[in-house]
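Please read through the structure below; I'll follow up with questions.
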Amino acid sequence: MPPTTKAIAIIAGVGPGTGASVARRFAQSYPVVLLARNPENFNALAEEINSSGGKAIGISTDLGDVSSVANAFKQIQSEFPDTPVAAAVYNASGRFVRKGLLDMAVEDFVAGYDVSVKGAFVFSQHSIPLLLKHAEKNASADTASNVKSGNYPPTLVFTGATASVKANALMSGFATAKFAMRALSTSIAKEFAPKGLHVAHAIIDGVIDIPRTKEWLKDQPPEAKIAAEDIAESYWNLHTQNKRAFTNEIDIRPQLEKW
Amino acid sequence: MPPTTKAIAIIAGVGPGTGASVARRFAQSYPVVLLARNPENFNALAEEINSSGGKAIGISTDLGDVSSVANAFKQIQSEFPDTPVAAAVYNASGRFVRKGLLDMAVEDFVAGYDVSVKGAFVFSQHSIPLLLKHAEKNASADTASNVKSGNYPPTLVFTGATASVKANALMSGFATAKFAMRALSTSIAKEFAPKGLHVAHAIIDGVIDIPRTKEWLKDQPPEAKIAAEDIAESYWNLHTQNKRAFTNEIDIRPQLEKW
Amino acid sequence: MPPTTKAIAIIAGVGPGTGASVARRFAQSYPVVLLARNPENFNALAEEINSSGGKAIGISTDLGDVSSVANAFKQIQSEFPDTPVAAAVYNASGRFVRKGLLDMAVEDFVAGYDVSVKGAFVFSQHSIPLLLKHAEKNASADTASNVKSGNYPPTLVFTGATASVKANALMSGFATAKFAMRALSTSIAKEFAPKGLHVAHAIIDGVIDIPRTKEWLKDQPPEAKIAAEDIAESYWNLHTQNKRAFTNEIDIRPQLEKW
Amino acid sequence: MPPTTKAIAIIAGVGPGTGASVARRFAQSYPVVLLARNPENFNALAEEINSSGGKAIGISTDLGDVSSVANAFKQIQSEFPDTPVAAAVYNASGRFVRKGLLDMAVEDFVAGYDVSVKGAFVFSQHSIPLLLKHAEKNASADTASNVKSGNYPPTLVFTGATASVKANALMSGFATAKFAMRALSTSIAKEFAPKGLHVAHAIIDGVIDIPRTKEWLKDQPPEAKIAAEDIAESYWNLHTQNKRAFTNEIDIRPQLEKW
C-alpha cells in the first residue's frame, strides 16, 4: 500500500541490528534517512535499499552532539524540502560499561545519558515539527480508510531495553539513561498526542540476534534471541495504528526469555 | 493470506464492542467461536460473518460458571474435532458497580472476580491444550515465512482496562478483578511461553465507542474514544508476532485521552 | 508514650510469624484483638500479652467467611463498646498451592482470593467505621504533638508479598489474590484518606523467619530472611506517621535478598 | 538513644525544606555535615544545631560539579578523620523549568540531570566507602539490640518526587532526571546490600510546605501539603530498620493529595 502523501522516515542509530531492520521495513513505504556516526553502518544498507526499489540516504551524525544532530536535520531538509516525516525512530544508545559503582569513571556513567537521553531530546526537537506537518494532513480516524490509503498518523518510536524498567547492579549508567529515555517518551507522548503525534516506547527485553551476539546463547534454539526484523515488524504495526487506538508502550521478548 | 493449517479462533465475551470487532477481524483468517451468555449478543454477528464468506458459531455461555464453560468447550470439540486453536481472546468482564466501599454488597464486590478472573482461569484451562496443539505445528521463527503461510504462533489475549494498573476510589470491585486478571495473564505467559504459547494482556485505557457510550464525550471529536475495530487490529497484530518477538503487554488509548 | 485516647488495635491473621509480632508491637500501646481461625494461633500469645502488662483477646474467625467476620466484629463491639480502632492490620492469606495452571483445581485457584481479597474487603467494611471514629478525635497534623500524645491517625495495613507485584509461573492463585489485594488497598486509601484514614500496603519480599521456614536458606546468614519483629516495627512506624506524610506502600526485604 | 559508635550523617541539598528538617532530625543522634551551594542555606541551621546541643558543619558545595563534591568530601575527612558515615541523604535537585519540549533549551533540559543524577552518582561514589565503614561495625540483625544501642545499618537515602514514576507533559527535564535517579538508587541498593548498605528511595508525592510554596493550596487545610519534618521522621525510620527488613522505596504524600 503506497502512501498517498509524500513523506519520509528517519531512523537514528543504524547499526547491523534493529536500526537496519527498521530501515528496511519502513523503506517499503517511505524514503528513509539513516543516521549513524560511522558511515560504515549505513553505506551498504543505503545501497541495498536504493538498489531494490526503495530510496535511502545516510548522514553521518553523532547523536550525542547537539550541533551534529542540527546539521543532520539541515541536510534532511535540503534533501527533502518541505517534506513531512511520517515516522521517526530513535534507536541510538550511548556506549555503556558494566561496572561496579565505585569503579566507574564519571565519563562512563554519563556516556549513556548523552546519547540515549540528551540525544533523544535533541532528535525529538528537530523531528517533531516535521512529524506534526504529517499530522496536518489529517490521517483518518478510520482503520479501513487508513489501511487503504497508507496514510498513518505520524509516529515517533523510542527503543528501550530491559534496563528501562529494571535497574540492576553494575548497570547504573545504562539503567539511568534508559529509565530517563522512557520518561522522555511518555512526556512527549502526553504533550503531543493532542496534536496528532503517536509516540511509542518499546522495551526490548532480551538479546537481539546480531553479529556481535552470535556467540551468546549458542546452545539454545533461535527462539532464545530476538530477531531484529521482528522488532521492525512490531514498530511498523505501531506506526499503522489509528488515532483511535494508540499504543504508547510495548514490551518485546523472545519466546524463551525468562522474565 | 489464508492459513495453511486448519485452526479456529475463540472469542469469549462477545458484545456490541470489542468482542464483535475482534471476531470480525479474526474471522478473516479462521472459523470463529463466539461465547456470550446472551445469544442476542452473537446471533446477528454469526450470521453476518457466515453470510460474508467466513464461518462463525455462537455458544451461549456463562463465563462466570465453571460447568457452563466446560460445556462450551465440549461443543467446540464436537463442532471442530481435533482442531487446534490459533487464537483465544478473553474479553469478558463481570458486572461491576461503582460504589463506596461501605455501601457495596459482597456479591457486587465479587461479581467482577467471578467472570474476569475465575472465568478467565477456567477458560484458559480449556483453551490452552488446544492452543498448544497449534504450537506443535511449529510456527516458524521466520517472519517472512510466517507472513506468507499465515501460520502464526498460538495466541491468548486478555482484555484489561485502566483499572488493571490503577485502582481508584469507588472502583474496588472492578480494580481488584482487573489487577488479578493481569497477574493471571503474566503467570500463564511465563509458564507456557517455553511451550510456544504467546500470551498478551491489553490495557484498554479509555472509553470504547459503542452504542452504550454514545452519549459520553459527545462534544469531543471521534479521537476522544477508542474504536473497537482498532483494538481488533492491534490484537491481530499481536497474533501475527513471531516467536522471536512476543509482546506480552500493550496499552491502547485514544489520541485525546489524558493519562 | 501511652495513648491519650482509649482505642484498640485489631490484627487479622495471627500465626507464629508476622501476625504475632505485629500484635506484640501494637500491644505496647493498645489493647489488641487477635483474629485467627485456629485458637491455637492466638491463645498462648494472648496470655503472653495479658501477663506482661498488655491486654489481648483472641476471637476464632474464619476470615474467608463473611458471617464469621461479622460475628467477630460483634464480639469486638461487645468487648470494647464504642471504642475507636487506632490500627487494623490485615495479615491473612488463603491457602495456596504452587501448581501448573492445567493441574490446578478451581477451588485451589480461588482459595487465595477468598481470604486475601474477599476477606480483606469484608474486614475493611467492618473496621473502617471504627477506624474513622478514631480519626474524629482529630490526630494532630503536628509531629511533635502526636509523638507526645501518642495520638496517631487511624491506620489500616495490608500485608502483601513479592507476588503482589510479580506474577510468576505456577503462582497464578497466589499472585491473582495478592495483585487484587494491592488494588483493594489503593482503592480504599484513595476513598478514605480525605476522611483521615491512613491505608498502607506492605510488599514483603522474601522469606520470613518462622518455624515453618526453619530449614529454608539454612546455609545462609540470618540476614537472608526477614525477621517478623522487624516487619512489626515497620508497621508501627507507618502507624505513627502524621497526616502530612502518609506512606501508602513500602517494600520490605532482607539484606541478602536478590530482587 | 545515643549511638555507641562515633559516626556522622551527611545531608546533601540543604534548603529551607526537607534538607533542613532531615538535618535537624539526624542531628539528634549524629554530628551532621550540611552541603549546599549557598552558605545562606546552612549557616543559620548549623548555628541552630550547634547551639542546641548538636554538632553541624556546613560546606559550600556545587553538587552538579564533580570537583566541588570531591572537595567537600576532602573537608569532611579532614574534619572527621576515619569516621564512618551512618547516614547520607541526597536531597538535591537541579534547577528545572516547566516548558514545552520545543521551547526548552538543551541546557535547561540537562540541568536536572547534572544535579539529580550525575551529582547523586558522584556523591554516592564518595559516601559509599564511608558508609561501608559503618557497616563493618556490624550493626546487629536484632531489633531490640539495635534500638538499645542506636547502632543502625548505614543508610543512603535519595529524595525522589511524583516525577520519579510519572512523566507528565512539560516536565521532560525534571522527569528524566527523577526517573534516572530512581534507577540509580535501585542499582546501588542491589550492588551494596550484600555488603550491609541500606539504600532507600522516597517518592515525595505532593507539595512540601516551605516558604516558597506558602501561597499554594492556601484555601486548603494543612493536610493538603507535606510537612518537611514528617519526611525527616520517615527518613529516620528508614535508617533505624535492621538488616532483616530493609525498605528500598516508600511513597510519601499528604492526607488530601489526589493520586
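Points worth noting:
Letters A, B, C and D name the chains as they come in the text, with residue numbers starting at 1 for each one.
Methods note: a residue touches a chain if its C-beta (ideal position, glycine included) is under 8 Å from a C-beta of that chain, and two chains touch if they have at least 3 such contacts.
Every value quoted in this text rests on a predicted model; they were computed, and no experiment measured them.
Looking at the partners of chain B and chain C together, they share no chain. Comparing the centres of all chains, each the average of its CA atoms, the largest separation from chain A belongs to C.
The distance from the centre of chain A to the centre of chain D, with each centre set as the mean of the Cα atoms, comes to 36 Å.
With centres taken as mean Cα positions, chain D sits 46 Å from chain B.
In terms of their C-alpha centroids, the spacing between chain C and chain D amounts to 30 Å.
Shared contact sites, meaning residues of chain A that touch two or more other chains, fall at 190.
Pairs of chains in mutual contact: A-B, A-D, B-C, C-D. By the touch criterion given at the top, residues 66, 100-102, 104, 106, 109-110, 113, 117-118, 121-122, 124-125, 128-129, 163, 167-172, 175-188, 190-192 of chain A touch chain D in their complex. Residue ranges of chain D in contact with chain C, taken from their complex: 141-143, 153, 190, 193-194, 196, 198, 209, 222-223, 225-227, 229-231, 233-234, 237, 240-259.
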